[in-house]
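As structure tokens, here come the structures.
Consider the two complexes below, in which chain A is the common component and chain B and chain C are the respective partners.
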Partner chain A sequence: MSSDAVTSASPPGADAGVPAVEMHGISKRFGDVVAVDGIDLQIGDGEFFALLGPSGCGKTTTLRMIAGLDIPSEGRLAIFGEEVASWPPDQRPVNTVFQAYALFPHMTVEQNIAFGLQMRGIRGPDADRQVAEATALVQLEGMEHRRPSQLSGGQQQRVALARALVNHPKVLLLDEPLGALDLKLRQEMQVELKALQREVGITFVFVTHDQEEALAMSDRVGVMSEGRLLQVGTPAEVYEHPANRFVADFIGRTNLLEGITESPSAVRLDAGAVVAAANGLAAGSAAALSVRPEQVRLHRRGETPAGAPCLDGVITDATYLGHAFVYTVAIGPTASASGTNTGERAATITARSETGSAALAAGEPVSVSWSPEATTVVAD
Partner chain B sequence: MSNLGTAGAKRSATHLLKANAWFVFAFLYVPIVVLVVFSFNDSERVNVWQGLSARWYGEALGNTQVISALRVSLIVAISSTIVSTVLGTAVALALDRYRFKGRRALDGTVYLPIVIPDITMAVMLLVFFAEAFKLIDTFGPRLTLGVTTVALSHIAFNISFVAVVVRARLDQFDRTLEEAARDLYATPWRTFRRVTLPLIAPGIAAGALLALTLSLDDVVISAFTAGPGATTLPVYVFSTIRQGVTPELNAISTLMLAASITLVVASLALQRPRSTTP
Partner chain C sequence: MSSLRRAKPAAAQSTDAGPDTPPSLTPAELAAQRRKRRTGTLIATPGALYLLIFFVVPLGLITVYSFATRTSTGRTSLSGWNLNSYERIADDVILGIIARSAWLAFLTTVLCLLVAYPFAYYLATRPARLRARLLVLVMIPFWTNGLVRIFAIRFLLGSNGPASALSEAMGFGTFRILFTPTAVVLGMVYGFLTFMVLPLYVALERMDWRLVEAARDLYASGAKAFWRVTVPLTRSGIVAGCVLVFVPSFGSYVVPEILGGAKTLLIGSYVARQFQAARNWPLGAALSVLVIVAMLVAVAINQRNSANAERTQGVTR
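What follows is the complex of A and B.
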């Protein structure tokens, strides 16, 4: 299953035509440091694609290679079918929204937006009209003659967007464009950016370390770590069926229950119990069972449903969040009262349940269960 | 009681500090004030006050030797400033941008002319010119010291000063702006013209003004490398002062002081970060 998830690298609408961005075996080394290590990726025309990963994972370098600001050490890179790996940035049909916007401080908003047009020799009324359109698109009318230093962070971000979009790039690259904004503005801009992408119909490639942002905004997500692309899929795919331990842990909150596979359809957990869980691994391999907190069901001890995997435990913490409870349940030999847990190592499970169901208190003996379809077995 | 004691000590310490400050100011500025005041003295003798007059300014400006020295000074200052500004900026850009063979060595030596004593630099240049002339003269031309050698010497030390000032400006320069320009279809040259140059221009202007000031003020190097007929104004002042200070020299010195102060203030104003570019 995990290998399936990794290879589902083609976008939903990929068969419709030439991919917007196509990478084969792209690597980038800076001296002895391998920043990007053999990436294969296709991004479809009109897609909103997020490159997600912790800082230093190579996502920004990957974006810079598409922009032409870094040249790949090896591999092939095509934009709408054209091999561009060695092209300088000014000849590529892409534009970038930089992390700190990189607006020209000595130019007005209008001059910033017109820069790309000027460089391509578009001047006069035609340029004026396009600049006005772009200014209106990002709702900056009336700000044309201000300097970037006279704008708020959110306004600067709009200028950066307009300055890129006015050129009608085939692909728009965004490097953590919302990183410098405060939380509320960031959430507003997420919605706006997504609407903007639908309006202009341009392929967006978006770099972020914020998994919520990536899941909320993109059509597909590529998760990166240490220069490698670990998994590509829709937000639901990577969330529900993470390809490996890193992805499971990085995307959202999850419970990782360590164990050893017994058969392609069962895992023996270290915390005790053999549970049904489909996996593509050889029997006896070390693996972890990933169960999302909202998929964990809590039962008072003895009220467990038949058929579902079930572990006994004791609630050690109950946190009220308003819309939900988060429970921490200690699982394992010490917590076992009924004797069903035969493992030797203890584990904790985080469970989440909507408020409205009966509240449970710390210290209460419980059983936890989940439906086997809601879990994923991940290897390292 | 002890409180009153320390308060008293504090007060006398404050007085002492104040007195010290006035002493330092006096030490620095009284000679300048004396110079300026006596340049307006209506007397043949420097140390006898006879009343206010601007006659020595007229006298100085009517002196053909002064005017010809001023002409040499301006030719040397302007030509050496232009050349050293271009070369110094190029050096600063190269050191800031590129990793090349010998970069570290250049980085260490480019500032050498700032720390080398003027007299050493002067002897060095004189020896260099003598040897170079000997070599070139074997091919025919007979070269001598003159305005050109003075200008070349000034270029030699001014490059360092310009490079230092421009590099300080480059340190604050955000390279992402250049990447943004490249991303927006600008070629490397247009990126430099439209983005880099306008943003480091205040640093370049400050460096140029500093070079102009240093060239106008230099005595030692100019005296060594000037041939006959290439006397700069400071060298002229220095040579005439051996026959005693005259009120005319006071007037010339005051004019040079005014020019220097104007240039230095302008240079400092331009070096203020983000003063012209918000």
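What follows is the complex of A and C.
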């Protein structure tokens, strides 16, 4: 379940022919630092693809290599079947929306948008028409003669989009395009950007460190860490079946319960109890059981349903979030009064429950359970 | 796509909120304000006095003298104010000297720009630690005695000097550059290069190179990105450097005196001659006023330029 999730997803456009972006063994070194370490990736035509990872994971370098702003140290890179790894950026059929936009401060909005057309020798009424179209596409009519410094962050973001889209690139690269916006505007722009992508039908490759944003917007997500591509899949695949410990921990919140595999279908947790959990690992390997907080069910001690794996614990913290409670439950020998837990190490589990249910207080003895299908076993 | 409609009024609001009407101040606040103002005046006084005595007063005297009359004995009579000296500037010889000075200053400025821009570009794109060291190297000649440097050039360019010897050894024959306008321009380029390098360096160092990447991404070749993005965005440095080189070149005295021949009389030397050998102080003073006015115009251009640069680029930085 966990190992084949890496390769199970095929891009929507993969069967339509040539992939928009194709990378084989792409690496990038800066001196002694390996920024990107052997990436293999195919991005389909028309796909909205997110490269997701913490800062310094190599996602921006990967994007810059597609743009031609960095040249790979190793590997093959093709855009719609053409080997472009050594091409300069101005020869590539891609455009970029830069982090912090990089709008030309000495040009008006109109001049910024027309720049790419001018550089390709498109001038006159044809250029004017295309600039007007792009301006309308991002709803910036009336702002044509302003300078970037006279625009709000959201408007600058639109200029950056129009400046790239006016060239009808085969692939649009976006480097944390929403990072500089405040939360509310960012959420609105997520919806807009997704709608815009459907409207123009261009392949979008999107770099972000915000996992919620990646899940909300993209057709597929590639999770990166320390220069490596750890998992590629649809948002649901990556969230529900993380390929390893890092992905499980990085995407959303999860409880990672350390343990050792007992059989292909059971894990002995360090906190005690053997629980049913399918895994493709050899018996006796160190692994962790990932359970999402919203999948954890809380019961008053003694009201436990039969059949489900069950751990006893004590609530150590209850946080009210308005729409839900978040409970922290201490599990293990120290918390266990009944002696059912035989393990030696303690663990904590975070659980979420809707506000409507009866509130539990800190110190209350509880049992936690989950359905085995809701868990994933991850190795290092 | 509703957020734009929302964004417009939001932007309008933020500009409305700008100028607050100052609330009336309490007596304690007013007293504090007065104290602050008094301290400021006190601190500025020594500098102001110095400038008054050694800059404003001589400048005033020069201006007064430019309207005075030269007596037949070469003295200056401080009576019978007239514009004779200014009228004499229209003389063909003097206009020729002014034109030649301006032309050589222009050549010096252009050469300085051509030499300094690539150099400043190189400096500004090095790693920070190397940058600091290279900058010291640029400053060393600037800290060295100017006269010594110019005499060194005189030796270098002389018909018995190393440059000529090298040219002869390579079969091009000896050359005569010393005491020509070429030598003056070369000397002035050398003397004033630092004034060009530093403002260019400052402008290039502040340059946001991501904008060049954006231009490359938008199909601009390296050269086009340079002309369309780097040059306009470093314009303030270019203008400042040109003003800083043109002004001293135009009024230059030492370099033309040492490297120029009798035929390359420039305005600086001509003014000096009026005060010394020719004993025509009013004419010298009138020409000095002219040079100062030219300088003020240049400074005004520079001021406007940097104000413009701030307005167009300030906020996105």
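One rule holds in what follows: the second predicted complex is superposed on the first by the 377 of 380 C-alpha atoms of A that agree within 3 Å, B and C clash if a C-alpha of one lies under 4 Å from a C-alpha of the other, contacts with A are read in each partner's own complex, and residues count from 1 in each chain.
The working rule: a residue touches a chain if its C-beta (ideal position, glycine included) is under 8 Å from a C-beta of that chain, and two chains touch if they have at least 3 such contacts.
Computed from a predicted structure; not experimentally measured.
Superposition of the two complexes onto chain A shows a clash between chain B and chain C. Counting residues of chain A touched by each partner, chain B versus chain C, the larger count belongs to C.
In the superposition on chain A, A:G116 makes contact with both chain B and chain C. In the superposed model, A:H106 lies in contact with both chain B and chain C.
In the superposition on chain A, A:G154 contacts chain C only, with no contact to chain B.
Of the two partner chains placed by superposition, chain B and chain C are both touched by A:F98. Across the superposed pair, chain B and chain C both touch chain A at residues 67-69, 88-90, 94-96, 98, 100, 102-106, 115-116, 119-120, 147, 149-150, 163-164, 167.
By the touch rule above, chain B contacts chain A in their complex via residues 174, 176-177, 179-187, 190, 194-195, 198-199, 277-278.
Looking at the complex, you find that chain A touches chain B at residues 67-69, 88-91, 94-96, 98, 100, 102-106, 115-116, 119-120, 147, 149-150, 163-164, 167.
Here chain C touches chain A in the complex through residues 1-4, 7, 10-11, 208, 210-211, 213-222, 224, 228-229, 232-233, 312-317, going by the rule given at the top.
Residues 67-69, 88-90, 94-96, 98, 100, 102-106, 115-116, 119-120, 139-140, 147-152, 154-155, 158, 163-164, 167, 185, 188-189, 192, 195 of chain A are the ones that touch chain C when the two sit in their complex.
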